[in-house]
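Structures given as structure tokens follow.
First chain A sits with chain B, and in the next complex the same chain sits with chain C.
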Partner chain A sequence: MKTATILEVENLKVYYFTQRGVVRAVDDVSLEIDKGELVALVGESGSGKSTLAYAIMRMVPPPGRIVSGRIVLSGIDITSLSEEEVRKLRWSKVSMIFQGAMNSLNPVMRVGDQIAEVLLYHGAVYDVEEGRKIARELFKLVGLDPERVMSYPHELSGGQKQRVVIAMALALNPDLVIADEPTTGLDVTTQAKIMDTIRDIQRETGISVLLITHDLPLVAEVSDRVYVMYAGKIVETGDVDKIFYTPQHPYTKGLIGAVPSHIGPKKRLIALPGEPPDLRSPPPGCRFHPRCSYAMPICKRKEPPRTGTGPRDFVECWLYAGEEVKKVA
Partner chain B sequence: MPRQDQVLVEVDNLYKWFPVRRSFLETLLKGERLFVKAVDGISFSIKKREIYVLAGESGSGKTTTGKVLVGLEKPTRGRIVYDGADISSLSLKEWRRQGLRKKIQMIFQDPYESLNPRQRVLDIVAEPLIVNRVTRDKREIEERVLKILEEVKLTPATEFAYRYPHQLSGGQRQRVAIARAMVLDPEFVVADEPVSMLDASIRASILDLLMYFREHKNVTYLYITHDLATARYVGDRIAIMYLGKIVEKGSVEDVVTNPQHPYTQALVSSIPVPDPKYAREKKRIELKGEIPSPINPPKGCRLHPRCPFAMDICSREEPPEVEIKPGHTVSCWLYVKR
Partner chain C sequence: MGLRAYVARRTIELAISLILFMALMFYVFRLMPGDPTAMLIEETAFTSEMREQLRRMWGLDRPLHEQFVIFMKNLLRGELGISFIYQKPVADLIFGRKMLNTLALLIASHGMALLIGMVLGVWAAWRRGKVLDIASLVWALVLHTIPVFWLGLMFLLIFAVHNKWFPLSGTITPARDYAHVLEYMGDYLWHLALPAATITLIRLGGDFLIMRNTMVSVIREDYVTAAIAKGLPEKIVVWKHAARNAMLPIVTLAGLDMATVVSGAVLTETVFSWDGIGRLLYEAAIYRDYPVLQGLFFVITLVVLLANFFTDLLYAYLDPRVRYD
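Let's look at the complex of A and B:
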């Protein structure tokens, strides 16, 4: 039996039309997530990973715009929905833990009431008292003392505030939660506990999670499948073991080789040369070629073809293209 | 070249307490003054050409220690011996007269905040030469700046020198910050989380740059971090701090791969591992609750309210420092033979 696909992104393009040129932040990206999966989207700053998340929330800030492609969420094509209709889906079908959200809680409102407000707005409860009751339940789920619903944000630690934000994202029981760097700015021991909580809830409730991060070790710890994004494109995808043990794309290999580990023999780190490109004028051909140590002449001229077994297991790199493909190119 | 085992910096029983500001009335009513005990009696020594790591989470006192060592804060108590001379009670004037401003430098965590956005790279890197009155000759200043920019691999230097920080990436900004610290040929550099704000793919190259200055300019470092994986990559020896105290000390390899103190064990087991199979099987040592306030730290061992192995004595008496193997010490009652 095939499990239900919660999210399908097809050939999505999201561009920012700035005065200094068009920024191709998401450029022909496809991605899918099944019910109950924890999928990681890995990329560096400027790779377009957060823009992709905003597009799935239909919250791309101007001058950005979805140029083409489709986003299908729980069977509904949200690309063409009106703002009004999208508003009903946000939080109830898809919610997001924004980067640094714990610092954007309303400082003069009890945290429980902030959750009750979300519930009230979406008509899930009739009054604040009922909303607080549900907030208490949610607090238990995310590992907070239910009495904390009466606290103000300044009375909570960073880790506790992040748990409030997670509770808020879960309030309307969405099918998909997008977590954008949910643990940056937290201490290592707190980070580990927060990720455990997200993973446990995801397993218990069967919710799907899209984890957006630049932190590879974190991805190795919690995710089922991984998409690697570079300069607006998905360059490689596969299940977590494949990505870490048999990576194919030179960028994926480079990222893994550049990350130190505290276990195993001490290895020499190999830094990736250069910096990610400006997405107003990405390099022609393969966007990674200026930083790639395997670059061939063709990489500078033509975009690499996709090779692999399907939409969940592929690499886009000339090294893996068959000879006949190269000849045609 | 200096001898390998010569000590450059010795920190002996260092304290840094910050008074808690209270109203006059509160002081009258509550009596004794309160202090944030950021650094509460720590000792360690750094050898010449060593990269010594000070690791811990926020609130451990590691950054305060770094600031005391570069003279940005005055110690409350304790001794700092630099290259054989006691510098703990020097006035600012004395600090400058002895040339310490030139010999000791600091690299900050956030290259987005530590560079003046209105200055060109040339002016940012030239500033230490000017304020320390190294030279007034414009040609010489420019030459020295260009030379150091080449060394931190901001090439072509003549181009980067005339850019502003907003025209640079995070990694390039941190190279500017390193150039500014290195332009005076310092002997000792405190690097406070120099790569934690940077993308994974460029961290290694910044760390390599720090090691380049050790190899070629004999720079000694205090490397402050919460990231034990990068600490292992650059460091020689390490001290783990918790709530103002050092709980474990030793070679980086010993402490990170074979941690002994329950806090170090919790810290090490919390680090995500870039190895999915290992990650699925690893057991984590969890601490209860969160780090307490440094105003009234717990009595006895400071970790005892959170420690999974706490015994009676831990809440009553501070643990002694026990050497479990040459050079590897741990402050924990579990290792005291009684």
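Let's look at the complex of A and C:
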């Protein structure tokens, strides 16, 4: 049985048209999320992860804009919708747990009301009191004292605020929740608890989650599938075990090699040499070649082709390109 | 600390500040060169005996510290004394027509400026870099730098001299009979229009700039991005989430401006011969009318202190993070 696809991103390009040049933040990216899946998107800062997230919300800030490609969310191509149509889909189909979630709560509003207003303006309830009632239920779901709905953000701890933000993301029972670095700024114990909460709720409700992070141990623990992003492109994707046990792309290998491990024999951490490229003028050919220890002459001339490594897995690297592709190139 | 204890503490602070300030003012006015009797010297029949008599009557012959004790005693009894010039109780002078005229002029103009400046500032910031924003910005900077008396004179020239749409001066048409109270109010508003428009335009620039600048920084906050992501209508995002958080600086400013509201607008009131507190203050300073000066500064100080107090209370309402302590 084939499960329904919740999100389908096809050949998406999102560029920022700055005065100092065009920044190709998301360049020809394709990505798929099925119902009930927890998919991780990993990559260094500045690789375009957050831009991709904002594009899925149709909220790319100017001077950025979606140049081409499709984003099909719950069967609707949102790239061609009007602003008003998109507004109605936001939060009801796709919600977001923002990076630095503490700051995404309005300091002068009671946290319960910030949830109630979502329900109110999307027509799910008729008054604030009814909205607060649902907010109380959501608070219980994320492990918060329901009476906390009357608190202001500054009266809550970092972990509690994070739970409020998660409760808020679930308010309209969306198909997809984008969690952009949901645990940054929290201490390690709280991080683990928050992530457990997200995972539990996700399993219970069957909501799909796109987890955006550079926290690899977290990815290994909770996600079903992984997309690895580098300099605006998806360089490799596969099941979580495949990515962690048999990474193909030299960049993925580098990322995993750079994570300290608490178990197994001690080994040296391998840091990736160099810096990610300037996306206004990315290197020709494979964007990773200046930092790649396997780089070949062809990597500097031509972009690597997509090589399938499973039914829905692929790697974009010349090392794995078939002979016939290489000959044509 | 609870609200009650806070109010009690602030009230004591307020009383102490008021007494200290009045003492300071008492000496400052008397340190100014000049003599209250000087304006009468021009009259030929004014002899030095008459002058001495006046000084005795006004109590100016006594040592300063004695004068001060008398002044403070009277003040504590709620008496502000009698004007040297008008020969009328100071309280009647201040809390009469003049105060009403000044309040009408300044509340109308400050209110309008605040309202328009805020709405325009909020939308300009939201549509940053668009035509509305740039145009408003240019106009605000121009208005902010124009001297108020120049704008007043230009208004008079254009709207009262060349086009006789509005009256040249005063608060009502002299010696006119009114059939109905509405007719009187109409006449009053007709006189009010030009001076009020002058102050409104001058203040509008500043109010707009402050609101816009705060709003521009608030818009970058994560909770505004979150409000958009939540699919809330644009008006709700702008007003409920962004503007409310950008309100504090302009509330502070409006609170501090209470001083100008009661002390009148000296320049505007002079240009338009508006019979208000500003002109009373000006006259009292010129003629060294100590009781009127003391009375005016007492009222102004009290209002400023009270306005600060209420601004602080309003803060706590606007921002729940503000606590009384």
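Here is the rule we use: the second predicted complex is superposed on the first by the 326 of 329 C-alpha atoms of A that agree within 3 Å, B and C clash if a C-alpha of one lies under 4 Å from a C-alpha of the other, contacts with A are read in each partner's own complex, and residues count from 1 in each chain.
Here, contacts are C-beta pairs under 8 Å (C-beta built on N, C-alpha and C of every residue); 3 or more make two chains touch, one makes a residue touch a chain.
Just so you know, these numbers come straight off a predicted model, no measurement behind them.
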item	value
Touched partner set for A:D241, first chain B, second chain C, both or neither	first
Which superposed partner A:H122 touches (first chain B, second chain C, both, neither)	second
Contacts of A:I256 with chain B and chain C, given as first, second, both or neither	first
Chain B or chain C, by number of chain A residues touched	B
Partner chain in contact with A:L218 - chain B first, chain C second, else both or neither	first
Contacts of A:H154 with chain B and chain C, given as first, second, both or neither	second
Partner chain in contact with A:E275 - chain B first, chain C second, else both or neither	first
First (chain B), second (chain C), both or neither touched by A:S45	first
Partner chain in contact with A:T190 - chain B first, chain C second, else both or neither	first
Residues of chain C touching chain A in the complex	221-223, 225-233, 236, 240-241, 244-245, 318-321
Partner chain B, residues of chain A touching it in the complex	44-45, 157, 159-160, 187-193, 195, 214-218, 220-221, 240-241, 244-245, 254-256, 258-264, 266, 269-273, 275-276
Chain C partner contacts - residues on chain A that touch it in the complex	57, 59, 87-92, 95-96, 98, 100, 103-109, 117-118, 121-122, 152, 154, 168
Contact footprint of chain A on chain B as seen in their complex	57-58, 169-172, 199-205, 207-208, 226-230, 232-233, 253, 256-257, 266-279, 284, 286-287, 290-291
